[in-house]
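Quick notes on the structure that follows.
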Amino acid sequence: MISYGSSIDIVSMQEKASTLVEALPYLQKFAGRKVVVKVGGEVLKSEEMVENIARSLILLRSTGIQVVVCHGGGPQISEMSERLGLPPRYVNGNRVTCSQTRDVMVMTMLGTIAPALIGSINKVLPCCVGISGIDSNMISVVQADPELGYVGLVDRVKIEPIEQLLHSGYLPVITPIGIDSEGQLYNINGDTCAASLAKALGAEKLILLSNIEGIYESFPNKESLISEIDLPTLKKLKEQGLFSGGMLPKVNGICDALEGGVSSAHILDGRQPFSLLLEVFTTSGIGTMIFP
Amino acid sequence: MISYGSSIDIVSMQEKASTLVEALPYLQKFAGRKVVVKVGGEVLKSEEMVENIARSLILLRSTGIQVVVCHGGGPQISEMSERLGLPPRYVNGNRVTCSQTRDVMVMTMLGTIAPALIGSINKVLPCCVGISGIDSNMISVVQADPELGYVGLVDRVKIEPIEQLLHSGYLPVITPIGIDSEGQLYNINGDTCAASLAKALGAEKLILLSNIEGIYESFPNKESLISEIDLPTLKKLKEQGLFSGGMLPKVNGICDALEGGVSSAHILDGRQPFSLLLEVFTTSGIGTMIFP
Amino acid sequence: MISYGSSIDIVSMQEKASTLVEALPYLQKFAGRKVVVKVGGEVLKSEEMVENIARSLILLRSTGIQVVVCHGGGPQISEMSERLGLPPRYVNGNRVTCSQTRDVMVMTMLGTIAPALIGSINKVLPCCVGISGIDSNMISVVQADPELGYVGLVDRVKIEPIEQLLHSGYLPVITPIGIDSEGQLYNINGDTCAASLAKALGAEKLILLSNIEGIYESFPNKESLISEIDLPTLKKLKEQGLFSGGMLPKVNGICDALEGGVSSAHILDGRQPFSLLLEVFTTSGIGTMIFP
Amino acid sequence: MISYGSSIDIVSMQEKASTLVEALPYLQKFAGRKVVVKVGGEVLKSEEMVENIARSLILLRSTGIQVVVCHGGGPQISEMSERLGLPPRYVNGNRVTCSQTRDVMVMTMLGTIAPALIGSINKVLPCCVGISGIDSNMISVVQADPELGYVGLVDRVKIEPIEQLLHSGYLPVITPIGIDSEGQLYNINGDTCAASLAKALGAEKLILLSNIEGIYESFPNKESLISEIDLPTLKKLKEQGLFSGGMLPKVNGICDALEGGVSSAHILDGRQPFSLLLEVFTTSGIGTMIFP
Amino acid sequence: MISYGSSIDIVSMQEKASTLVEALPYLQKFAGRKVVVKVGGEVLKSEEMVENIARSLILLRSTGIQVVVCHGGGPQISEMSERLGLPPRYVNGNRVTCSQTRDVMVMTMLGTIAPALIGSINKVLPCCVGISGIDSNMISVVQADPELGYVGLVDRVKIEPIEQLLHSGYLPVITPIGIDSEGQLYNINGDTCAASLAKALGAEKLILLSNIEGIYESFPNKESLISEIDLPTLKKLKEQGLFSGGMLPKVNGICDALEGGVSSAHILDGRQPFSLLLEVFTTSGIGTMIFP
Amino acid sequence: MISYGSSIDIVSMQEKASTLVEALPYLQKFAGRKVVVKVGGEVLKSEEMVENIARSLILLRSTGIQVVVCHGGGPQISEMSERLGLPPRYVNGNRVTCSQTRDVMVMTMLGTIAPALIGSINKVLPCCVGISGIDSNMISVVQADPELGYVGLVDRVKIEPIEQLLHSGYLPVITPIGIDSEGQLYNINGDTCAASLAKALGAEKLILLSNIEGIYESFPNKESLISEIDLPTLKKLKEQGLFSGGMLPKVNGICDALEGGVSSAHILDGRQPFSLLLEVFTTSGIGTMIFP
């Protein structure tokens, strides 16, 4: 067998070489470090996006990064609640999680969303194991507000189960459910949970993958997409009331994680293939990076 | 501070001493060995029974036995299917698991039953972690019969995740869901699954806790309750058509486990408090013991 | 082979279950902890008692407790001295240990008593190894009183030889002989020696097995047998002159051990079968317990 | 601090992503594997090339590959021989290595070339340690031909010193000098030596970096540059007399290495920056690859 | 402070150097190997000899040799028997060990001889621990001859206790007492016991220290002292009836040890200071060496 | 086979025994400790001396001492410089090391002297590996004096490479070449370098082997050869101007090493066979010993 190399494209080769020279130092920098990736509920609705993310997660992990995934599931929970005849209830404009809704949330998160995501990752490489705050009472919560019912604030994260799964070579997927001192289960916001995990694990990076490109200073002006911002500036924008809705827990979680020692936080567009890899292995990165 | 021992009851003391002298040798015999306990769906319906079982499991584990739990959930799945408007369908008298029913089964097992059992055990000691055949593709199945839909036969058990949880000091609770080579999820009978786990793990004992006292040679004659039976005799009874309904997978699983090297199998009444302890730590045992 | 369980005694089963539920938590509490058991010379005279104690020691050890035994031998030494024509000598009412008596003591303890006790334990399980304060100069002593001759007070215990025997899975039997800085051998009171060992080893319990039921506040009134007493109260009784004879070194050793960090001390009747097990594995215990 | 991401080049990003997706699987494939790189004497004459190669070697090593370097030095030896007044001598057209020439060879290789290469690598990262076949009698040789003097054929490679340097995190540079059973030093061809090292170390790859682009089937026809060839075809070309001069030991070494279990061998142009990286981390590779 | 070296004796220095050059290779040869030294009862009677032997043993051990000591005690036992009024009894000219004599033997060996020897060694360095065949049932015996009573033949040596003492850095002194399957204690000849230990431990050397210079071919002709003899020749001399009395068990033990894999056996004069060191660290050795 | 020991020389035996008794305690004292031996350039010129030293080094190492060798090479460098037409140049009477001379020094040290010494040691036992200050930038230097060119003062020694070679069982030979922060190579005086190594390694002894018998208080008066001197007295002699030429760096290095924690320093006559052994293993030692 013999083949000839007539068609080598020198320019393309040099570009590849330069991408490699750019990427390889990050390999060593991040090898053995932990990265917490939150995958949002909206992104999980598209099978194609989930496949892309699954491949990116496995590639990330193959470089020696200790990847921990936390998932959301808002849209799916709303759908199942409706199907089971549980209309949303509100107090002062805030949605209330009654015990029945909480049971539906737990059931949907652990029984539908988590197995689907775990299954997708395991199709690429069978290394993914799912656990939740219930396992070994891993995530302790306190009630956020009695009027809102079973909505929990993370009080303490026991990282041993995650550390041991990582140590045994597994990619852990964490479902954001907490448990209070009485053994009651609580809903936790996925972004908040991911931030608490990143802080507790001493992660290098917290990456929030959702269906937005990053933080816009004046949405929807494309030019105002922020590529880098430091924590004090982000806090100033927050005080100016720039953030609302689902952006608020993201920003709060990022502030919490960075103040807790995480080196950088990132809001990336999960719809863009391989955005995870570009963020981690290129100098310019992608989406919005927040640093301390 | 001083108190006097006037009220010592010598007889009771001697009985205690004799129970201890009887029990302690089993401690050494079983320390470090694995015991797989299947907790049936009917038993799981009573909160009080679950609490008792949870305490027994933690006491067993405290003696150095490596306890692995597998759970059932038939009644709960039927209830949720009905609630979601999925009436049972039959082919030649056998129930069919269509993909919708399978989804409800997965959702109920992972999202309702497993968290409830894990929560009960963790209330006694927070050491319990739940995983299923989906995690790390742990339990591979093949389809039992195309006409029955998503009903799986265990093909291979990858014991590493269970071994690593045990090694890290956790009590693993396994939900009997399998995955085929395409990544499709399947229902597995809980008794069969427990037997496969016991065989794959090289367990010392397989214990099936349900709402029956053991095997009756001629039910409901109380005198005919079998306390000990060997495998050849059990097989003879099976050939004579003694077993039917839910007893059949129990007996088949037990045969499979004993032939695969498990030292003994037990059918115990989960409604009797501490039946687990009496089985393991007394010479006469309780329920029906089957040995090779 | 088949047998039927007609004769199960539910009440007895429940009592066994409750003894197990009572005992198992102690297993975990004491597993890996050290317990020093002094076996008195009077108890050693009865072959039957020694057999019972040997079985209890092996059962205790089988639960993961690190058992260390220290033995006495007063009656046996007196007998041999007489046989060799060495009449006891006294100074101010205290017995004097001249060098010849010391040689007889060493010879009897190491050459007759220790091998008999070791042999009895090894008949149950061949795991027992005997050493004395001479080995590796393990127990350094200073002379108690020049007038009393070769009677030593423990100065320092080098625990390495005991730790290494335990680590290798042996049950060490320690003969209470000490060595001074000149290499001279000395007699040490067995209770005192056991207490020094318990302190040096950081033992959980010090158990003195002899031919008495415990401490009586007003002997021989059976009602006055103390079941529990704390250290300050014991010291008060001692100051009131309650203790004399062989009870004095027991009480002094117990005070020393408890002040040195041992969690509890016990005076048990070695003539009662399995008193050791009842003490360790029941809530009410047996004999007299002294705690700090 | 805030910056905006207006200038992101989507096409370039996608190309980078695709290079990463292409490269990352090789990372896992080669992590922990050994790669032997021979750096030819001609390449060593250019300081710029040496710098480029040093950076590539350190980047390779940063991915977890165990890099072992072997160097040449023909032109430098000739120069020093001349300077010391040792004109080359020939027998039947073959150059003779007399003991004086051998001394100059050893002196130049160990005293000039090796320290220069080691120094260049250590400027990038101080991790490089140089050893030769003399150290610990690592490379045993037999004389190739008495008429040619001190030219050795590798008889046995003791890999421990190299393994231990790798294990301690060093990048070993091996100077190709051998020692016979009498303790006499011998010149070894650098390509042959690299091949012997690759075989002995069970290397994944043998890479020969020199001043040629690869193997040409009919030099200098650019179209005839072979990109891939299997061992049988290479041997056929060799039998047809295609190879001569410095190409012959390269081809012989490659045959020897591949037959000894090395997975692939490569002839690369050391003058092209980062050719090492492109070879290892791209699917198409560069230069000529020979596989078994 | 300053001092001048005017008085260096060159000749003495060269002799010292040559002794060191002779001795050092044995250090490496024997480091980590086991040497079993039997110290005879006659030698133990002289305090000065015991001190010399103790120093030699500690020096031997300091070179990394794993020294195991076994002791005799015939004269001492006879003395104590007499003192306790137990006259020797004979059957067919062989001394009988009745149970009373056996008890005196055990008492004397464990209670008088062993502590004295251990004490002497510990005065040099406190590293010596004494055990006997009773400990952990280490030396199993069968009765030699029912008519002779409690005289045992070694059946099996459980080497773990000795290995563990060595591993923990102790110098074990073994008292030659055995135990039969009923738990009865037996007298074992010290030379035979040492040989069995050497064989079981895979010792490099068996050294018998007693009050003779070695084996004489025709005693008391000084010229006939054998310095080296191989096993076949020794056996021939034995068949010719050369050996009797205490020499017979020595020769039998040596034959047994050499056939069991011990590299050499030695009969040395324990009365000569440092004969142990001269045997181990000089080329010519001392006493009689027997090799396979 | 049989031989008789008629010719044993008791006196010689006793002398050997006494040498052993003298030497063995040093074995334990120095086992595992590090000893740095500098071998001077003059000594290296005699093949016979090198052979003797090689044997001594291997014998030393066989006792468990961690031997590290540093070599000189002054005469050899001068010879090669001359041969290459580089006449010595002086500034204010001090020899200048221009870059060409430095290159010749590096080439001669690494390419001629080190391989010869390593080869001689490996002939005795193939355990020797040579490294220099260049390897892993092990020895950092600063320029001593710009006018003197490439003459370096040791700034920092990175001991890891030496420790790892020792740990892997090799005898390291260190060539005294240093590297500055720019990557430039520098000549370092061999005695100074050996002293810096001894200090950095926490060596027990620094031994300078050269062609002198030790320090003379008034050379050449033989009576004035100093056998022992303490550091303060040595410094006083130095202040009095007693030392000049090659003796000055020796004395300075010794002062530096002793102040840095080395226990003793020695100047020995490398021409006397086995002076190394006599120094280490006899009480009186040889040559001049300097202690703190």
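To keep things simple, chains are lettered A, B, C, D, E and F as they appear, and every chain counts its residues starting from 1.
Quick note on the criterion: a contact is a pair of C-beta atoms (placed from the backbone, for glycine too) under 8 Å apart; a residue touches a chain by one contact, two chains touch by 3 or more.
This structure is a prediction, so every number in the text was calculated from the model and none was measured.
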{"item": "Between chain C and its twin chain E, rotation from the CA superposition, multiple of 5 degrees", "value": "180"}
{"item": "Chain pair showing more contacts of the two, D-F and E-F", "value": "E-F"}
{"item": "Far-end chain from chain A, centres as C-alpha averages", "value": "E"}
{"item": "Averaged-CA centre spacing for the pair chain F and chain E, given as whole angstrom", "value": "45"}
{"item": "Length of the line joining the C-alpha centres of chain A and chain E, rounded to whole Å", "value": "73"}
{"item": "Rounded Å distance between chain D and chain E, as computed from the means of their C-alpha atoms", "value": "61"}
{"item": "Chain contact graph, described as a line, ring, star, complete graph or other shape", "value": "ring"}
{"item": "Circular arrangement of chains, read from chain B onward through chain C", "value": "B, C, E, F, D, A"}
{"item": "Complex contacts: residues of chain F adjacent to chain D", "value": "83-84, 103, 106-112, 114-115, 118-119, 122-123, 126-132, 134-137, 160-161, 164-165, 168, 170, 177, 179, 183, 185"}
{"item": "Chain E partner contacts - residues on chain F that touch it in the complex", "value": "1-6, 8, 13, 15-17, 19-25, 27-28, 31, 55, 59, 62-64, 214, 217, 222-230, 233, 273-274, 277-278, 281-282, 284, 286-288"}
